[in-house]
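Quick one: structure below, then a few questions.
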Amino acid sequence: MSQSPVPSALTQFLTATAGRNMTKAAYLAVAIGVATMVMLTVNPAYEAAHWAGAVLWACLAFFAFEWVVRIRGSFRSGRPYLMTGRGLLDTAGVIAVPIALAAGAEPRTAWLLAVLWFVKVIPGIPGLRQLRRVLVLESGPLLSVLVLFLMVLFLGSVAEYFLERDAQPQTFANVPAALWWAVVTLTTTGYGDVVPITPLGRLVAAIVMISGLGVFGLWTGILATGFASETRRDNFLRTWESVSKVPFFANLGPSAIADVTHMLRTIDLPPRVTIIRKGQQGDCMYFIATGGVEVDLPGKKVQLGEGAFFGEMALLGNTLRGANVTTTRLSKLLVLDLVDFRLLMARHPDLAETIDAEAKRRALENE
Amino acid sequence: MSQSPVPSALTQFLTATAGRNMTKAAYLAVAIGVATMVMLTVNPAYEAAHWAGAVLWACLAFFAFEWVVRIRGSFRSGRPYLMTGRGLLDTAGVIAVPIALAAGAEPRTAWLLAVLWFVKVIPGIPGLRQLRRVLVLESGPLLSVLVLFLMVLFLGSVAEYFLERDAQPQTFANVPAALWWAVVTLTTTGYGDVVPITPLGRLVAAIVMISGLGVFGLWTGILATGFASETRRDNFLRTWESVSKVPFFANLGPSAIADVTHMLRTIDLPPRVTIIRKGQQGDCMYFIATGGVEVDLPGKKVQLGEGAFFGEMALLGNTLRGANVTTTRLSKLLVLDLVDFRLLMARHPDLAETIDAEAKRRALENE
Amino acid sequence: MSQSPVPSALTQFLTATAGRNMTKAAYLAVAIGVATMVMLTVNPAYEAAHWAGAVLWACLAFFAFEWVVRIRGSFRSGRPYLMTGRGLLDTAGVIAVPIALAAGAEPRTAWLLAVLWFVKVIPGIPGLRQLRRVLVLESGPLLSVLVLFLMVLFLGSVAEYFLERDAQPQTFANVPAALWWAVVTLTTTGYGDVVPITPLGRLVAAIVMISGLGVFGLWTGILATGFASETRRDNFLRTWESVSKVPFFANLGPSAIADVTHMLRTIDLPPRVTIIRKGQQGDCMYFIATGGVEVDLPGKKVQLGEGAFFGEMALLGNTLRGANVTTTRLSKLLVLDLVDFRLLMARHPDLAETIDAEAKRRALENE
Amino acid sequence: MSQSPVPSALTQFLTATAGRNMTKAAYLAVAIGVATMVMLTVNPAYEAAHWAGAVLWACLAFFAFEWVVRIRGSFRSGRPYLMTGRGLLDTAGVIAVPIALAAGAEPRTAWLLAVLWFVKVIPGIPGLRQLRRVLVLESGPLLSVLVLFLMVLFLGSVAEYFLERDAQPQTFANVPAALWWAVVTLTTTGYGDVVPITPLGRLVAAIVMISGLGVFGLWTGILATGFASETRRDNFLRTWESVSKVPFFANLGPSAIADVTHMLRTIDLPPRVTIIRKGQQGDCMYFIATGGVEVDLPGKKVQLGEGAFFGEMALLGNTLRGANVTTTRLSKLLVLDLVDFRLLMARHPDLAETIDAEAKRRALENE
């Protein structure tokens, strides 16, 4: 690779600025590409937009370029990008349209495959890992519900076919047609293109509909249950790391730290975000895990760094927020709600004293 | 403003009686205004109702007046009303119709904008803050589900367009039409105006429908989870204040107060509401946080003030309520359910003794 | 009343056997009456069934008789039956049809009011109190969701009316018609009789549909949250009474009793129900709160009365059930699940010893 | 039976290899049979597929054979197979089609009954016992919701019949037709074949639709609540057995074991499954309840047997997984999540020391 230093340097630069910026550009390209593809299928737009092909080719070129960069990066780091799910999806997005064109498909049809670019967004979805864990952990009950669903589907559609085929030989011509009716009914979609008309057929349909509600309810119940426990677990994991770094909590025993961790919520904030606005009603206090904030007191600005806390005044005296607080850099804060603040103070009186002393010291300083 | 004392006095009076009364009047005006606007769009009603225009103008005048009063109030208090969300909505409600009329729109069309008055109701919705907090805290997972929803939407509609465009060139003319089908299907609405008819198209549709159920279930699961924790938190916050004011709980330690707070529910009652009816089955007792009640004993009426409790007899002896109890003024009561009453008595035997002693004293007094 | 001893005696007898039997008869009469009424509206059935009128009159007579009996009972007991919700519903059921007939309505139309008899079933629904409490306690958030629902309804329908009235002057003729569309869409019913066809109209419709999902999810989340706490509370209340009557738990402190109560479930069983079947896998044990059971041991039958327990063998040794156990009279049993059995044994070792000793004694006896 | 040794030996062999293999074959036969039956109802396929009848008869023969084997097995074991629910379903599946053919039904119609084979899948559904327990335990509230559903159904359909019969004498011809409308509407299916058109009829329909949402929400709330408690219970039961067998937990007191059991999850794995992949982020550790695993360390393979644990390194140091771990035989593992690992270490410091010591020993060994 040493014979072509210019592209190599370019690639290096791109690899360096990759990650966040490249991802953002990719999202933009996905949005533009898919929108253009959708537009192309509308006849009047197709005839007017001669530039559309160029846009699509540009998006494809960008994805191809990103793909090459990632492959090179994977060679360097030794992690096989092409073997990961993401690599496969990216590869499909890059080669699908050219293959379709090469296979002789009409351009407009071939570009329909640009919808595959949409899956590039998946790895960027925030709570996806959480959702996947719920689906994996609850896969047993969810599968059971699916089998029940299929059973009602088959029993219902055969019954309906038997009852309706004489009255409506066209719409209930065979069991696959009845299965279509059953899916549309069980999911409570109800297009109305296939509807039973005999009294017995309607009775069976009513039972299928009510079963649909039941299946739905079970489905939701399972997901709600899984989600509740997953949310608690996820928050604990994200918070635990940070808690042990805050000196304030350092002299707590491990059991108390676990206790505290359950009470805190982690939030990540970019620089120059106003966390607290003067005059607002306060119902939580903040600990700085990483980063820093600026407190905008009358006449002076106080900097607080890692391990410091703020916002405790409003909780102690139930008054309004006394000053604006803004992040100065990318910060990870731990939020302690009023509810948990009080529980914590009740269980760990020494923490209460520390906060109280600090609050008094600050109040004195500001007089 | 001193040169026109009369309108100023009027304004002052209105500002003073504002808040509750003005809000009620505004709700009434919203209801009348929107109803009149809806009616105006019905042709026969339009021709008959010559008074409708006058009603709408009156509502608009009222809102304009309320708007001016609020702006003046905000000048006096120094809080910038026009910059708040509420101020912007109010402004839009006041100026939208006149602007539309000035821009040359037909009166009936311009008055359609009166529907914007509806948003004036938003700040008065009781549990709205709670709902918003759930949506904010769970925005991560909710967004993930939305992205999944969009992904199924796009993949499904492109697939369906590809499979159905030859069979139904009219209804599946382009991808936007297929997207319309996909939205109608994924939300399980199912109008039936666009329905796949090819076997493969129906298979894809079935998958889209079942995905719709899954998305729905995740959505509900997330909201249910968020709501459960928010409800607990909200109740704690509202109750904490009041608990510490009740002398009965004053000698508990902070940990026990947190414990008790989790057990109590706060209710706010206007004057002259009967809380307990003689002869009913009782399953809770009440502590008076603020306000007062009157116990209607045979032959005499006993007044109870802040810090007192009542309704404990039914819980101690599992008998029926012995007397009517009615609020005498605006009161905040703390409700202790039978379940929690027993748990509390078990954990804090001294409280049990206090209640027992008081109950005996009252029983003696009434003999 | 002394001058007519026969009807008085009849009434007394009926009052005595009232309650359970009369309620059952009333349910039967409701079922027969409503079914007959429904059938009467079908033309061929109407012409064939001359006996239908007689059946309906008989049902009405029964309800009128029941009504009179209840009024007499209420005079005797001093509780004003006619003023209660149930009394009003019963009165409406009795007088609605005669009034309609007297007012000159066609008999078939008048008998439609027989559907009011259905509400007589309400007080007999088992979990209704529980459902009502959930609705009352969660009325705040539910109302908020309803207001949000109405807001989306009005904003969506005015927007849709504005966008579609030119394209479909018939279906979107006025805002009430658009409101009909919005209700059908927001509830995801989707009849398909009113469907937007313009691109912008469809975009608004898509937003309305997705909002419909959100409203739905909030609704369900609120109800699920409310139901969870209500179920726990309800079970505690029903179980508490019984627990304190079982001598086995009597020497526990109040805190431990509250603990135990949370673990137990109450079930009410009629006589001659087989609770345990020999050879089944056992995962719970039973305490007899009231009533009695018969254990069908080889060669002899052992009677167990109030306060006794059984089914503990399967839990202690993880073996199969060793004998059939059948109720001998109406019994209230407390069920302790294997999970909670182990937790209980871990927390209260003395209980474990008692059960162990009893189990050994029984095993010896049966050898 | 001794006079025919060959079939008896065959039967014995089949009985021995029954269970898992026979069940798998039966699932395959169900899938093939039902698919063939569905295909037969499609006219072109019916004429082309002369082999279809043979396939169906083969499936039926297999089920008949399985049925006979099971009956013989039940004679030997003394457990009455034919009296169990499963036996009855199997019997129905075997005799339904022959009876229909014998009764003179057309073959294609008779084979429709092959859909009954589908119910053979029921006993194999994993989480079914759990689902059934939820439905049984929550049957009270679910029944209440069903009664409310029926009430809204009847009141709504009679009202709609009364309001719409003059405007649409065809579609709202009688109350059964209106009931059909009400079911389709309350379940939010909304076919659109029967739709109210009068203003009052639409108002009633709107109320019915919104009630449908409410019923749905209650239904889901009940199921979600029931599912949450059932999941916790089920996990506890499955895990308890295994925990007490792991020597690591053996010296904990019973209360601590109950505590630990609540934290662990049981998973069953077939042989040669890779549990941990080198380089992955680890967030749980594993205890081997039964079976064994192989740790693929650089240069050597370490076998771990029952009672051993692995995966603790990643949790202690928050680093990546250091080696592949694969099951060597059918294994039951207990999974301890990072969250619970920390809670456990906090509450039981002696466990923490044991794990720490073992981890250090292993690290030394591998140097």
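Letters A, B, C and D mark the chains as written, and numbering starts fresh at 1 in each.
In this section, a residue touches a chain if its C-beta (ideal position, glycine included) is under 8 Å from a C-beta of that chain, and two chains touch if they have at least 3 such contacts.
Please read these numbers as outputs of a predicted model, since none were measured by experiment.
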B-D or A-D - the one linked by more C-beta pairs in contact: A-D
Duplicate of the B-C contact set - from B-D, A-C or A-B, the pair where over half of the pairs recur: A-B
Chain copies touching (chain C, chain D) - same or different residues, decided at half shared: different
Intercentroid distance (Cα basis), chain D paired with chain B, Å: 39
Separation of chain A from chain D, taking each centre as the mean of its C-alpha atoms, in whole Å: 28
Multi-partner residues of chain A (at least 2 other chains): 176, 188-192, 216, 220-222, 224-225, 228
Interfacial residue positions of chain B with respect to chain C in the complex: 34, 37-38, 41-43, 109, 112, 115, 118-119, 121-122, 125-128, 130-131, 134, 149, 176, 180, 183-184, 187-193, 215-216, 219-220, 222-228, 231, 283, 318, 337-339, 342-343, 345-347, 349
Chain C residues touching chain B - in the complex, by the definition given at the top: 140-141, 143-145, 147-148, 150-151, 154-155, 158, 161-162, 173-176, 179, 185, 188-192, 195, 199, 202, 205-206, 209-210, 212-214, 216-218, 220-222, 224-225, 228, 233, 236-237, 240-241, 253-255, 257-258
Chain D partner contacts - residues on chain B that touch it in the complex: 188-192, 220-221, 224
